[in-house]
Structure formats: structure tokens, C-alpha cells
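There are structures below to look over.
The following pair of complexes shares a single chain, chain A, combined with chain B in the former and chain C in the latter.
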Partner chain A sequence: MSAVEELASQAPAVQAVPKRAMTLSSGTAFVVVLLLLIVPLFAKNFVIFQLTQLLYYGLAVLALNILTGGSGQFSLGQSAFYAIGAYTSAILMEQYDVNYALTLPIAGIICFAAGFLFGQPALRLSGVYLALATFALATAMPQLLKLGFFEKWTGGVQGQVVTKPDAPFGLPMSQDMWLYYFTLAVTIAIYIFSVNLLRSRSGRAFMAIRDNEIAASAMGINVSLYKTLAFGVSAGITGVAGGLGAIAVQFVAPDSFTITLAIQLFLGMVVGGVGWLPGSFIGAAFIIFVPNIAESISKGLSGAVFGVLLFLVIFLVPHGARQVAMVGQQLLERARKR
Partner chain B sequence: MELFTNQVLAGIATGAIYACMALAVVMIYQAIDHLNFAQGEMAMFSTFVSWQLLQWGLPYWAAFLLTLAFSFAGGIAIERILFKPLAKAPILTQVAGFIALFSIINSCAGLIWDFTIKQYPTPFGSAPFLGSQLISTHQAGMIGITVLLLIGLYVFFQYTRVGLAMRAAASVPESARLVGINTSWMIALGWGMAAAIGSIAGMLIAPVVFLEPNMMGGVLIYGFAAAVLGGLTSPFGAVVGGFLVGIFENLAGTYIPGVGNELKLPIALALIITVLVVKPAGLFGRHIVKRV
Partner chain C sequence: MTQLQLAQAADPLLAVRDVSVVFGGIVALNGVSFDMHYGQILGLIGPNGAGKTTLFNCLSRLYQPSAGDILLEGRSILKRPPHRIAEIGIGRTFQNVALFPNLSVLDNVRVGTHARTASDIISDSLKLAWVRRSEAAVNAKVQEILAYLELESVAHKTVSGLPFGTQKRVELARALAADPKILLLDEPAGGLNHEEVYVLGDLIRRIRDQRDVTVLLVEHHMGLVMSIADHVVALNFGKKLAEGTPAQVQANPDVIKAYLGSKDQ
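Here is the complex of A and B:
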């Protein structure tokens, strides 16, 4: 209830993560990519589909991570941008016969614009107020997609079916496997882009704003520009993830993009570690697989089992997978010194 | 004109529900500085407990008081067991904890009392209130209880030692600890009170929206919106916000063409955001000055 808040002595809402701690070292990254390339060759189609799912959900979590872990803004509205991306891809592919690969950059650009515009009014809000504003966007989106006015394009409540692309150049691959490699390529490209973005001038500006907005503006950083830019970039990547999701699931409908999706993406970010980009994919694995595990433990109580598992994770590692990785790294170094 | 008055009255009636919930939201926000996403589920669970007590043949007010005590103790227990260990964790992790709690309570209530919709009795009757077709005696009673609760809270926070200590613990924890206030228990007390107020809201809402594990979903969203609109630092603002949101929602549904039941919520939220962009601390919230 105090009217004056000590800003300097207070812990910031989002922990400051130094930019070097945000990524993987090149050796680890090489191993991970190699694994991602080889594993599908020995897996069943359903597993490959799940891996694809992991990659595009991971991208969506990564996008939120750039926004929250990078610039310190919080969003519960990611599902809205995801929906815009998914619908853009679906409509372009099915109604305008655009090649699926070309729909992704278009989805990204449209979502970037949407996010940038949404970032403008959101500039005046922070913390819970921003959460509420983005939350409003997420609840409004399925209803907007159902509107009769857009039905010509969106297919209304029924949604729209998307055809799965075949492997090009007559490659001897199943559709699922091709889609996996395609998603992997897009994911790696966006991941490298994000890492470089956070290392660039803009990335440093994001982090300065995250750590102390007043100090950042005193150093000449255009706070409103970079805040909206962060929103735009995050929305753009989410849009690409949405497009990939639409192609992989082969179906878009308003009710797949409710607030539940936004909450899942948020949980993914927390479990993976806020501000640690590789953690996004670990978080994505959590939100894809743990509900299934919970379901298999107890059908009637799957929600409770999920909640308990989530509690276990945040009790054991409050900083998410990032904490595990850091402890592992320290142990390795100690072992090496001996 | 008559349509307008009627819609405003109907809005006030639904607004009372939101006001109740918003009050609980603000209470816990005062105590712990976060919005508790599981608040609605806690209220739902308490309402189910009171329903069970009624089924066992207890009179309404006895069940009411027992439920209050149960919720108060339950709120404190949840804080002590689950959230005290997380006090030092990052804020976003705590929010994830709320979501986990939400999931656990919802699932357990579904298992214990299953997902069928249940009737819930009202102590006030459901005859038209003072001859008006739009406000029933139950809704009038609900508004009355909300106002009483608000006055009670005001007195508690302004004129009792514990209320003062809670305020101190919430606003400047370090200084509060220095003058000998047990801030950790103040937080637990805040959880307990919020849970108790939530259970009152739940028991008042249940006759209107019917009892089932998902009954609070929509109500909590409106409650949050109302609390934010009124200003998260002001219990009075929360109640006013609740009524305003109720009226907004009804008028938008009546006068803006093409707005069915489906679009009511997005429109209400959009209006609130417009208000927030103009007044970022809410209508009655105190603007926090930041010292670098």
C-alpha cells in the first residue's frame, strides 16, 4: 500500500541472465543437432510427429522467452499470435495455393506487425496489468476467429483442413519425416537468429530494459521502440511456429488456440528456465509429454498428477532446466580440474 | 429508457458476483503481491464442502460458518505447505505454482463430486426483490453481503492491530520485521482471509451459476478484470470495479450489434484495457512512485 517503492533495493521481476548464460556452447550444440538429425532415422512415424511437435512448440516457447527473459515483459497472449500464424499458413496454402514453405515468412511478417501494433498500447502497462491485457487478447482470439464475418476465409467454428506436403525432389522419405527435417531446418535458423539478436545492440537494449528501465532510458535507449520491437519479434517467431503447427497437425480450428495454449507456453518457459534459450525445447517437451504421463498414471486424476509433477519440478529446480544445466556444467568443470 | 434501466439493474446483479470475487483477489494481492490463479478453484472447492455439509443435513448458516473456518484453515495450510518454500523462487515460478494448484484442485473436486451440475440453495429465497423482475432477493442479499464484507474489511484494516500489522508487512516487509511483526505469518493470514472471502463468494455465486468444478472459470476472469479495473491496491475499488464490469458487460451485449454472449467477455476486457491505458493504476489504485 506504500506510495513509494524502492526500486533499487527490490529484486526485479525477471532475473537478470547474462547473455553468455543464455545459450549453449558450440560443442554441446553440435552434439544436440547431430542427435536431432539422426534420431528420426530410427524412429516410428508417430515418434517423428511428436518430435516435430516438440520443435514447433519449442519455437513458440523460445519466442516467449525472448520477450520475457530478454526484455522483461510478460505475455499471456502468445496463443493469439500462434493462431494468427497458423491461420495465415492454412488460408494461404488451401485457398491461394501458395507453397507451404513460403507461407511461413508471410505468417512471420503478419504476426510481427500484429505484435508490434499490440505492443503500442501495451507500452503503458507492466506486470499484472500487461498480463491482463495480453490475456484479453488470448480470450478474444478464438471468438474473433468464429465470427461470421471472417467465415469465408477461416471456415468458422469448423476450422480448416490443411494438406500435408510431400517430400520434394522425389526424396524417399515419409511425409512425417520430411516435415520433421523441414521443421528442424526452420528451427535451427530461427534459433541462430535469436541467439544473434540477443547478442546484438538490440539484444543488449532488451536486457538493459529488463534489468532497469529507468537506467536504460537514461543511457539513451529508446525504451518504447525496443519494448514494442521485442513484442514484434516474439510475435513473429510465434507466428512461424503456428504456421509449422498448422502444417504438422493438418488442421486449424478456433478452439485449438484458447488461453490454455498460452498457459502451456508459459509453463514451458518456466520449466525450461526463464532467459535460457535452449531450455525452451526442454520446456516444450514438458508440456507435450508430462500430460500424457499424468494420463497414464491415473485417468480420473490426470489434472492432479500433472499439478503434482509441476510442483515437484518447481520445488526441486525453481529456475528450471537452466539450473540443472548450470549445476551439470560446474560438476564437469570440477571433474576436469582433477 | 426502460430497457436501459433494466439492463443496468441486471448488470448490478451480475456485478455483485464479480465484486465478491474481485474482493478476494485484492485481499490476496495485498498479502502476497501476486494474482492467485487458483483462487477461483479454492472458492469452488469450499463451495463443494459447504454443499456436502448441507447434504449431511446441517442448517445453512451452520454449514456457512463451518465452511468459512475450513477455508481459512485450508488457505493457511496451502500457504505453509506449498508456497512458503517457494517464497524465494522467482515470481514466474510462483505463478506456475498457482497453475499447478489450479489443476490439482480442479481435478480432485471432479473426482470427489464429479462433473455433473448441482443445484445450490440460497438463504434469501429467489422471489423478485421489491417488485422488480430483474433483481431477486438472492441477488439483493448478495449485494448486501458484499457491502457488509467490505465494511468489515475496512474496519479490520484501519482499526485493528492485526490489520495494521498486515498492511505493514505487505508494504515494507523489512521495516515491519524490525518492529517485531511476524511477516511470514501475516502472509499466511492473508491467504487464509482470501480463501475465506473466496468461499463466501463461491457460496453466493453457486445458486446463480450452479455448482460444478468449472463454475469459477468465467467468474474469476471477470473478478481479475474488476480488481485490475478498480485498482489492485484498493478493496473499495475492487467492489466498484466489479459492479462496473457487470454493467459494461450487459450494456455491451444489449446495445452493440453483433455482440452475442460469445463476444461479451472480449468487449468487457477491451474496455478495461482502454481504461487502463488512460489510468494505468486502475480507477482507485494508488499510483506507485518509483524511487531509483
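Here is the complex of A and C:
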């Protein structure tokens, strides 16, 4: 055996197992889910609403994370898919009397199709150029929703009011609390499906494409198919998040889904850590709560304060919440060894 | 020999027929033909710019020949897109190692099984029973290959941090995971030291003998080619210069001239 090979085999395999690196250990996951179940019981309705918001924004960030962290494609157009999902739920509920829970899978399927189709022309682009093409989609969407042609469904500039569902089976809880638990159930299900997907043959194909397209193709991976599938899956999940958002906010209007939303989701992904699924929810918390914190520091300069806070995060932990979690894990392990 | 072996000996596994490639006005390959037989290690040699890599890229379907045909077991491969080459049994490695740097050794080799397995995103997301069975089979196969190439100790490591020699073995493991009939090796000795080259030579021969793989070796390192190849094809300026056993090709005056230059130059 050569010197090089000896070096390789002597080093112990103690590094964090890469497959686990995208998710949480089962112990941590258990604690997190328990907290998510218990906390609302002791919270005010407004806090419960914010937690619901955290969950569906988290889902939208997760969707972007699958696209960027998983398959290596950028998107600044997630707000468009979010809008399609939100409007699908709203229109189905209000104009066709479809049950709110049933509107979500429909929103998901429609957005999957939209994402898959949009992925076809986007195949020719990569990196910044792809980001720009998706940006165009995000800028076009609010105006498309205002078009007179669609007005009898969308409600045009006025938007559309959505009725909040009551808790079923006469459960003794407020509408907000029921909606929270409903959103939580959907979120956990989608999170588990996403983890399964990324750990499967399809997920490996996404990551292989992200790392080296030519090698992926030589291994038999249909690069265009999997790239568009990643777009579809990401758009589908974003659509469900949009549907949940519409139900929670009880209102959809074109100007809620501008490019700002897409940039917020992008920001959430970076702050949470690209490629780290649990980070999506930490990123969502950042985009929901940090603007409020900024406002409490200075009303007039809230934007500037937000900018400074964001800058600090990027400067101190460039890999986002994932980096914090990893350092924490290492400290814990060191403490255990002593 | 059995009937089957006789039949196989007669029909080539891979036939390159008058392949020409023209880029703009430059003829990179000019009517090259040769056969590869079952169980052979065929060395493709030639000075820089001889057309070795061009031919290699035709075989892996990155380039489309402007004339001629390439037949695997009698059937043309030229209508297949690059991602449908692995499924008919053509595996490859890359000149400067093209692994998936952020994935573990294990996942890199798992990707190698892609062409031999099936799944869809819905079954994968729901982790259906048949997906779990298929993944279990993939894992068993990957474990076997990692053990075969002595990569078990680094199985969970991310490949980007591994030494070059180890990365080369990971790449071999990934190619073997697809059960190739033919393994195309693009300059496997590049970047290795003297001793490592001979370890590699033994490994290639072992893979051929034990795993029933035919090997096409595109190589600069004459020592490696001459010591392990059964058959050598020499190219120069896009044309076939000579073909035969290593000794025959080495003794061929044209080959000597191409490598060393003629006396009157």
C-alpha cells in the first residue's frame, strides 16, 4: 500500500455522517415536535397565528432549499408559485365550496405542473441567469393576477377574502389554534416526505447533478428530467405553503406576492443554511420576527436596523443556522467526552 | 472453449467502424476502426492531440462522430443520449476525477447504481416497500464493492477531502456499481506516482479477471499500457498508426517515429 493510501485508512471516520447532515437526529426532532405541540396551549391567539405563519413560511423556504441545496438551481421566482397556490386555495374555497383541506393537494399539483413546465426553458440557464429568469416570473405574477380577464376568479386588484375554517368534530379550540395544528400536521408530513426524497435515489440524483452534471449523466441520470422534477417538487411544496398562507391570512391580493416575498424566502434559506432542511424554519423565523425586532429598536430606521442585523448574521455565520447547530453539536460532544 | 465462448471470441464486444470526427475544419479523427473482444484490456495510446480523448468522448456519447459507427454487441450506440449509455453496460472514469465532491464515498458509489435501479419521486417520498427493498439491494451491492476496493474505512467521508489516489478508487467503485460490460478508463495513471501506477495496474487486471469486465484504457503512461494491455491501438494525428500486441506496437517503426521523432527531422 502506498503512503497516500495509508494516510487515508489511518484517519478515523469520526466526521459527521454526511447523510445525516441534512436533517436532525431523532432525539432533537422529538423535542422540537413536542415543543411545537405544547407551546400553543399556553400562548395568545396572536402568537399562535405567528407560529402558524412560521410553519407555512418555513415550508416555502424548505421548498427553495430542496431546489437550491438539493439540485443546485437558484430561484428568485418562488413568490409566483406561492401566489398560484394561495389563489388556487382561495378560489376553490370561496367560489367552488371545496373543503379547505382538499384545496391544498390541488394547489400542490397545479404548482408542481407550473414548476415542471417552467423548468423546461430554465434548463438552458444556470446560476445567475437562471436566477434572473425566475426573477422575471416573480415580477410578472402580480400583474397577471390583476388582469381583467381573470378578474371574475381572482377578484382583480381587490383580491379575495377567504373564510377561516372552524375546528372540526366540535373540538373545543379557537379557529387560530385549530389552524395551527392543521398546519403543523401538513408541515410535518411534507418535511418527512422531503427528507425521504432527498435520501432516496431521486435525491441522490439531484445532488449528483448539483455537484457534477457530466459525471451524473455518465452514471445514467437524465439531467434535464431531474432538474425539472426538482423545480416541480419545489413549486409544489411552495404552492401548498401558499394555500396554507391564504387560509391563515384569510385574504389574497396580488400585491402580497411581489418579488419582495421571493427575496424574503431566499433570505430565509441563506440564514437557515443552504442545504440544511431544519434551517428552513429558523430562516422563516428570521424573516418573520427580525423585522419586528428591528422596528422595536427604531421605528424610523427599521429597514436600516434590519439591514445591520442581516449583515451581522452573514458576517458572523456565513453558513447560517446550520453552522451554529454544528458548532453546538461539537461542543456537546466535547462536553460528553470529559 | 464452450460454444458460447467461441461465439464471443468471434464477435467483438465493441466495434469501432471508420469513425471520423471533424471540429470546424479540423479533422480530429479520420476513419479509425478497431475491435474490442470480451475480457480484453485494450490500450489506446498516442502522443498529445492524437485523438484519444476525442474517441473516448465518442464512446461516452459526449461527441457525435461525423461519419462511421460504434457497435456494442452488434448494435449501434450512436442514437443513445449520454445518460443512456450506462444502462447498456458502458461505464467510465474521468481524466482528472469527476466525483460528486459534497457527497460521501458511500453516496457517490450509490449514484453509480442509478442506471440499474428504478424509482419515482412519489414512491421515494413515501418510502414505499419496494423502494426500501431496492435501497437495501443497492446498499448490499455498494458494501460489497467498497470492500472489494478497500474503501470501507472512508465510506462515510465526504470525497472532496480524500487523497487523490483514494478518489481514483472511489471513481472506479462508482463505475463498477453499474455492472459495466466495458469500463472506459481515461488516463487513470495521471497524477499518480511510480509505485501507485503499478498498484493501479494490478487493480485493473484484477477487476478484469474477477468481475468479468472488458477494459478500454486510454493512457499516456507507456509503462502501464505495455504491462497490462492484451492489445494496443496506437493513434497519431487522428489516424490509426498501428495495432497489435504490446510488443508488436512497441516495435513498430511508425510508432517509434511518432513518439521520438524520425532521424531526418
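Criterion: the second predicted complex is superposed on the first by the 319 of 338 C-alpha atoms of A that agree within 3 Å, B and C clash if a C-alpha of one lies under 4 Å from a C-alpha of the other, contacts with A are read in each partner's own complex, and residues count from 1 in each chain.
Definition applied: a contact is a pair of C-beta atoms (placed from the backbone, for glycine too) under 8 Å apart; a residue touches a chain by one contact, two chains touch by 3 or more.
Because the structure is a prediction, the values reported are computed rather than measured.
J.: Is A:L229 touching anything from chain B or chain C once the two structures are fitted on A? First, second, both or neither.
T.: After superposition on chain A, A:L229 lies in contact with chain C alone.
J.: Answer with first, second, both or neither: which of chain B and chain C does A:M207 touch in the superposed model?
T.: Touch status of A:M207: second partner only.
J.: Can you tell me whether chain B or chain C touches more residues on chain A?
T.: B
J.: Give one of first, second, both or neither to describe whether A:T68 is in contact with chain B, with chain C, with both, or with none.
T.: first
J.: Should A:A215 be classified as contacting the first partner (chain B), the second (chain C), both, or neither?
T.: Touch partners of A:A215: chain B and chain C.
J.: For A:L301 in the superposed arrangement: first (chain B), second (chain C), both or neither?
T.: first
J.: Which of the two partners, first being chain B and second being chain C, lies in contact with A:L132: first, second, both, or neither?
T.: first
J.: Going by the contact rule set out at the top, does A:L59 touch chain B (first), chain C (second), both, or neither?
T.: neither
J.: So, does A:N196 touch the first partner chain B, the second partner chain C, both, or neither?
T.: A:N196: touches chain C, not chain B.
J.: Overlap of the chain B and chain C footprints on chain A, residue-wise?
T.: Residues common to the chain A contacts of chain C and of chain B are 1-2, 4-5, 7-8, 13, 15, 214-215, listed in rising order.
J.: Taking the touch rule as given, give the residues of chain A at its contact with chain C in the complex, in rising order.
T.: Checking each residue of chain A against chain C gives 1-2, 4-5, 7-9, 11, 13, 15, 17-19, 193-194, 196-197, 200-205, 207-208, 210-212, 214-223, 229, 233.
J.: Could you please specify the touching residues of chain B with respect to chain A in the complex?
T.: 30, 34-35, 82, 85-86, 88-93, 95-97, 99-104, 106-108, 110-111, 167, 170-172, 221, 224-225, 228, 232-233, 262-263, 265-266, 269-270, 272-273, 276-277, 280, 286-292
J.: Help me check something: in the complex, which residues belonging to chain C touch chain A?
T.: For chain C paired with chain A, touching residues are 60, 62, 82-87, 91-92, 94, 98-104, 106-107, 110-112, 114-117, 119-121, 124-127, 131, 134-135, 138, 150, 153-158, 162-166, 174, 178, 193, 195-196, 199.
J.: Within their complex, state which residues of chain A touch chain B.
T.: Listed in rising order, the residues are 1-8, 13-15, 68, 74, 121, 124-125, 128-129, 131-133, 135-136, 139-140, 143-144, 146, 214-215, 263, 266-267, 269-271, 274, 300-308, 310-311, 314-315, 318-320.
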